[in-house]
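For clarity, chains are labelled A, B, C, D and E in written order, and residue numbers in each chain start from 1.
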Amino acid sequence: QSACLITKTDTNPFFVKMKEGAEAKAAELGITLNSYAGRIDGDHESQVAAIETCIAAGADGILITASDTAAIVPAVQQARDAGILVIALDTPLEPIDAADATFATDNFLAGELIGQWAAATLGDEAANAKIAMLDLAVSQPSVGVLRDQGFLQGFGIDLGDPNRWGDETDPRIVGNEVTAGNEEGGRTAMENLLTQDPEINVVYTINEPAAAGAYEALRAFGRQDDVLIVSVDGGCPGVQNVADGVIGATSQQYPLLMASLGIEAIAAYAADGTLPENTPGKEFFDTGVALVTDQPADGVESISVEEGMDLCWG
Amino acid sequence: MDLPDDRRADHRRRRRGPVDPEGVVMSAPILTARGLVKRYGRVTALDRADFDLYPGEVLAVIGDNGAGKTSLIKALSGAVRPDAGEIRLDGQVVDFHAPQDAREVGIETVYQNLALSPALSIADNMFMGRELRKPGLMGKLLRRLDRKEMERQARDKLSELGLMTIQNINQSVETLSGGQRQGVAVARAAAFGSKVIIMDEPTAALGVKESRRVLELINDVRGRGMPIVLISHNMPHVFEVADRIHVHRLGRRLCVIDPKAYSMSDAVAFMTGAKEPPAEAA
Amino acid sequence: MDLPDDRRADHRRRRRGPVDPEGVVMSAPILTARGLVKRYGRVTALDRADFDLYPGEVLAVIGDNGAGKTSLIKALSGAVRPDAGEIRLDGQVVDFHAPQDAREVGIETVYQNLALSPALSIADNMFMGRELRKPGLMGKLLRRLDRKEMERQARDKLSELGLMTIQNINQSVETLSGGQRQGVAVARAAAFGSKVIIMDEPTAALGVKESRRVLELINDVRGRGMPIVLISHNMPHVFEVADRIHVHRLGRRLCVIDPKAYSMSDAVAFMTGAKEPPAEAA
Amino acid sequence: MTETTGPSRDDYESGLEGSSTDVASFEGGRGPLYRIHGFLHSTPSAVPLIVLVASVLTFGLLVGERFFSPFALTLVLQQVAVIGIVGSAQTLVILTAGIDLSVGAIMVLSSVVMGQFAFRYGLPPEIAVLCGFAVGALCGFINGVLVAIMRLPPFIVTLGMWQIVLAANFLYSANETIRSQEIAEQAPLLQFFGERIEIGGAVFTYGAIAMVLLVLGLHYVLTQTAWGRHVYAIGDDPDAAELSGVRVKHTLISVYVLSGLICALAGWVLVGRIGSVSPTAGQFANIESITAVVIGGISLFGGRGSILGMLFGGLIVGVFSLGLRLMGTDPQWTYLMIGVLIIAAVAVDQWIRKVSS
Amino acid sequence: MTETTGPSRDDYESGLEGSSTDVASFEGGRGPLYRIHGFLHSTPSAVPLIVLVASVLTFGLLVGERFFSPFALTLVLQQVAVIGIVGSAQTLVILTAGIDLSVGAIMVLSSVVMGQFAFRYGLPPEIAVLCGFAVGALCGFINGVLVAIMRLPPFIVTLGMWQIVLAANFLYSANETIRSQEIAEQAPLLQFFGERIEIGGAVFTYGAIAMVLLVLGLHYVLTQTAWGRHVYAIGDDPDAAELSGVRVKHTLISVYVLSGLICALAGWVLVGRIGSVSPTAGQFANIESITAVVIGGISLFGGRGSILGMLFGGLIVGVFSLGLRLMGTDPQWTYLMIGVLIIAAVAVDQWIRKVSS
């Protein structure tokens, strides 16, 4: 029995965790696991080549976090035609039933949670908030759009086209900047937005490295204590940053769980052809998302930093 | 091989076109330039230079290093565009934007730096810009080159020049010795010029035998009625083949002298500024 | 300026070291080569070539284009490593890995392609690899170059050669005329050679005046007791300055002749293969 | 003065009399080593071909028949198809001593135009494809004019174009992917190059076939026509080419336009390969095409190399990637290995040329 | 034969007698146009400086004092610091007619080594920093040996090294980020270059100061020492440099080693800038450093240009990025504009040089 894991990159700690989870479970169940990844987020062709390799290698199942959720579909179809079970991890394909199953975080919900938390924490001040949006990339990959739009929804801002960021007209948004999801991009983006409007008091970040970079910029501007930074991911360093007061709140996802569930599903399918089932009421199996903060806000469910630390990317 | 004096007498006899300044009627010049100016930053390479070339003559251009001889013929062959001045070919004002323009009206030039593509073969270089195509469909439709023929012709031209140490016609030019390269450039110009041939120091790197061949070639070309501009620092060569000598000094034409009327040492004295040229020659 | 025969007599008088093959005792050669072989792919440039240079002499190397003269002196100056054969300097076998090795033991070379850096200034080129530093702390600690001094010296050297049309010593070499570049290369070698100076066609692109200066310079250098290897296609020049003439043909030394014992036309006949050299010269 | 006064010719030239007038004849093969050298020297694509064959054999031994099967080997061809086509465009530009960093962006923009013109504006797919080619040619033309007429360095021109075209691509496409199913229903022409011929286990997509034909065609053009010689001459020394009668500007512009057209073709083939039209595709096309070109033995300084070498170079990378993936190597190790192999391939190339010369 | 027989010298040379023996004297300025030309020609960094000043003024007018304040202007300096340092390394290599695609990777690996050696192995931060420099120098040395001794093309060598070093970086770091807070507590030396001096509204980080000092130092070395002249000569024509007595191999290796050391310094400055040690940083350092070099008027063919130009080139990009952001331009449009500006800056440069020559 063999399985493939195809991630967007293998440099983002999120996917590293995912791979750890898959490897541990595969070792436990006696499955050979081959891992593939794109070079950067959005490297679609490498993923197609990886699927083709899995077909050539005769794998039983493929776990994939697609870089381009619509474009990957024909390749996925080829794999399924070859009798391989394909499970989308973390990011649903478009259409979602292009994969045999999807084990994912609801990224929109993840964004919505931090949006609600920020709005609730600010209270009445939310009406006068000045928001900086630190997004992923100009190519607007779907994770980035979902988290961004989820945040705005949760904060109570009109989305415009929910499939795009940057088209909102709400004056509370100071601007969108791209960060490439790392510290360097986060810092430069934050500096640029702060120069534009030094009064910014809410910062949405696509992930925790970008948030750490943004915090460095705020510190340089001497504004680190009067700005709320919110983020998504829930990795261990990110949760630690919540504890240290760098990040106000972050939405935690569970990549390790996704991957190990995926491997189990492939094992089951290889054994007797059973297909995994969806979470009731959803089109996919929701691996859950939780808001991690040590300043819980009314009306927004959250877990504490200690719980977050225990679960971080578990 | 003929003896020198025979050949000399011979070419004088064959010479066409009136070329003697004090002699018979002068026909109209074929190529003229008036008031050419070319500046490179702070350096003035051409300073209101004039130039006249008559049909069928060999015009030598002599001058010190840096006098502006190369700049002058580059302006004539379209390789540089002068800042001011005009050039006429057969009385018509011409304005060359590229060497190819000059080439198309029949002016062929051997540049001092040779203008060869080092990585390409000798044959490729000789036919650059006017390649031969295969006869028939292959050539017309598929525009296929006729390599065999080009190689054959290239070989012939080089043999005519006596460049016999080239072992392989498909050798790339970068593997040739300095003199061999110069031979290739001269052979190219000789093969394709139809109106004027300009040679900027064509024998500088050539051996005794090869230089002799080039001089013979110049006489042959004149025999065909085509005028030649020859830049050279070699006074005996200049005085052997030239019908008139254009002395260039400090970016402009100092005078034009008749090699029969002046001695070599006069020419050298004019070009180095040791003597003033006589009024009638200036 | 002296008259030619004066100068000629003069240098003969000043000549040191026994150089006459039929004459007095021969001292030991300073630079020798035996059995040098150099192949470029299918082309054999050097075919078991020998070479001898005696102290204080001017040795001319003549030969057809492509005979292998440049390859020979490149082997002697460390620019190419021969495939076989050995080179001795003052009787010691030497193995140069780079031109800098040869330069460090005092062999200075003017290459046919000049070896100048086009974008750098004349002064930079002349002092390349042996730059002068400022005196004092600035030079020792900060290794600061003494540009003023280098420019001054460069200017002096060029004036000695009579290259008077260079308008700006800070001009980059690419903006010089062909002859001016050659002058820079010759001036560099003359300024720095301490044991042997090798010149590969140093006057090819030079004007009459500048060529004359180079020949004077060769005599001056010999006057200082330093031997010179001169490659040239210019027979009058060769016969004027050479003490012995090495005739190169088809990649090897055909013979060595005494310019006093043979005429120019003999030399030309040997080098082109028109005549067999006499047994004693081979 | 009389004719006798001027020293018409120095008497020493009389020595020339009787010298031989033969042309040195070409010396035939002097043993096998010389033949091999002559072959390697006159056939610059031979070395990458040898490396390619060696690497196929090595992986065949290491991985076994999962790799050494018609299916897997033709899979390499499919995977390399897009890069091979882009690499052809890159080869043309690099032969002129330029470099084209905008190839990937032009490819993607062309494919997006083909898709959007068919879907957003409802044009017939044939017209939409033509529009895609027109856009590719236009981008190439702009590059060409900036390089040839304005004399800007190709690196910087195409660096700028890359950013411009890519941003235009995202702005115009609004980051929308056109899904495969829709294309199959409404404009199957766009997926033309995804169709396939199966012979035994071997699968040849039209895209892979197109790539091979394109490379062979360009090989003919580059080696057998005047235009091809001019491309080499310009790369070798543009000043010398200009002086010896090549219309450098015209030729350069034609090279960039052709490069743009080939990128558009690559965009079409890309749609066939990935099924959908995605504005985020092709991000590594630049670096991969340059890698293929350089492993293929084509000089980045222009004027030297064969386009066949580029094809072999691309296939070498494809074989290594697939082979290492099939061996289950960790992706980072794969990148590391490919890095080592890039250097090793060129080192071997250099070494062979040196030893044999 | 007697001395009189050989025609010792042709009589025509007697014409030389009396010719002038002056050296052509340098003609002083002929009006302001000539002065300007002379200045622009002898100062290759003048054009990017003019473009820089012009763009600062333009944005100052367009955006007002949010941009034209000491604070915002020094912010540009901070943002450009890392790229300016990497660009210095890139400049050295490009001046030798090479290109270094591995600068970004070496920078990141060095910073990761500094961080991991301090945290994973508990070494004192001083030693860890030294180890980072050693790693940078080692990578540079390998590049240098491959380029100088094995004579492989720099593009391909550093392309391979890029992949190798980056993969090594990810494998070694296990993709772990070391957080800013931990570094501040346990090894604040790593954040040294993040410290700042404030003068009025202006904020100078040590990193920005280090960059400026480095560029000035290298400018001195390149223009005032023999080594610098040799670097230019090698880039100009390596064969000529070798023949005229430059130890080409030694110098090339020293250039690559120095480039590696400067990249390690950039890695240290990077830690100061982003606070943490992150293996995913610096992904665009290659392309951005090359952009700075080329906008700065340094020829990619080597041997021409000034390192000051690179600094101005980097600042131009920084000014445009910040300026466009402050004008509220959409990020995608910013990318497009920067593409246009890259081309425009070089076109202006070319145009000025042409007009004035």
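FYI, a contact is a pair of C-beta atoms (placed from the backbone, for glycine too) under 8 Å apart; a residue touches a chain by one contact, two chains touch by 3 or more.
Molecules present, by chain and UniProt name: B, C = Sugar ABC transporter ATP-binding protein; D, E = ABC transporter permease.
These figures come from a predicted structure and were not determined experimentally.
Engineer: Identify the chains adjacent to both subunit B and subunit D (ABC transporter permease) in the sense defined at the top.
Structural biologist: C, E
Engineer: If you take the mean of the Cα atoms for each chain, which one ends up farthest from subunit D (ABC transporter permease)?
Structural biologist: C
Engineer: Measuring centre to centre, with centres taken as mean CA positions, what chain is farthest from subunit E (ABC transporter permease)?
Structural biologist: When every chain centre is compared against subunit E (ABC transporter permease), the largest gap points to B.
Engineer: Looking at A-D and B-E, which pair shares more C-beta contacts?
Structural biologist: A-D
Engineer: State, to the nearest whole Å, the distance from the C-alpha centre of subunit B to the C-alpha centre of subunit C.
Structural biologist: Computed from C-alpha means, the inter-chain centre distance equals 30 Å.
Engineer: Counting in whole Å, what is the centre-to-centre distance of subunit A and subunit B, each centre being its mean C-alpha position?
Structural biologist: Result: the chain centres lie 74 Å from each other.
Engineer: Quick check: how many Å separate the C-alpha centres of subunit A and subunit E (ABC transporter permease)?
Structural biologist: One centre to the other, that is 37 Å.
Engineer: Could you please state the distance in Å, as a whole number, between where the Cα atoms of subunit C are centred and where those of subunit D (ABC transporter permease) are centred?
Structural biologist: 46
Engineer: Could you tell me which residues belong to subunit D (ABC transporter permease) and also touch two or more other chains?
Structural biologist: Correct list: 7, 10-17, 19-20, 27, 167, 170, 332, 335.
Engineer: Do you know which subunit A residues sit against two or more other chains?
Structural biologist: Only 10, 40, 138 qualify.
Engineer: If I count partner chains per residue in subunit C, which residues reach a count of at least 2?
Structural biologist: 40-42, 113, 165-168, 208-209, 235-236, 263-264, 268, 272
Engineer: By the document's touch rule, what are all the touching chain pairs in this structure?
Structural biologist: Here the touching pairs of chains are A-D, A-E, B-C, B-D, B-E, C-D, C-E, D-E.
Engineer: In the complex formed with subunit B, which residues of subunit C make contact?
Structural biologist: Going by the criterion above, the answer is residues 40-43, 63-67, 70, 112-113, 163, 165-168, 171, 175-180, 183, 201, 204-211, 233, 235, 268, 271-272.
Engineer: Going by the contact rule set out above, which residues of subunit E (ABC transporter permease) touch subunit C in the complex?
Structural biologist: Contacts found on subunit E (ABC transporter permease): 1-3, 5-10, 12-17, 19-27, 42, 220, 224-227, 229-230, 232-233, 236-237, 239-248, 303-304.
Engineer: If you look only at subunit D (ABC transporter permease), which of its residues touch subunit A in the complex?
Structural biologist: Residue positions touching the partner: 66, 71-72, 75, 78-79, 82, 167, 170, 174-181, 273-284, 321-322, 325-326, 328, 330-332, 335.
Engineer: Can you list the subunit C residues touching subunit E (ABC transporter permease) in their complex?
Structural biologist: Listed in rising order, the residues of subunit C that touch subunit E (ABC transporter permease) are 1, 3-5, 8, 12, 79, 98-100, 103, 109, 111, 113-120, 124-125, 128-131, 133, 142-145, 155, 158-159, 162, 164-170, 188, 208-209, 212, 236, 239-240, 259-264.
Engineer: In the complex formed with subunit E (ABC transporter permease), which residues of subunit D (ABC transporter permease) make contact?
Structural biologist: 7, 10-12, 146, 150-153, 155-157, 159-168, 170-171, 287, 290-291, 294-295, 299-300, 332-333, 335-336, 338-343, 346-347, 350
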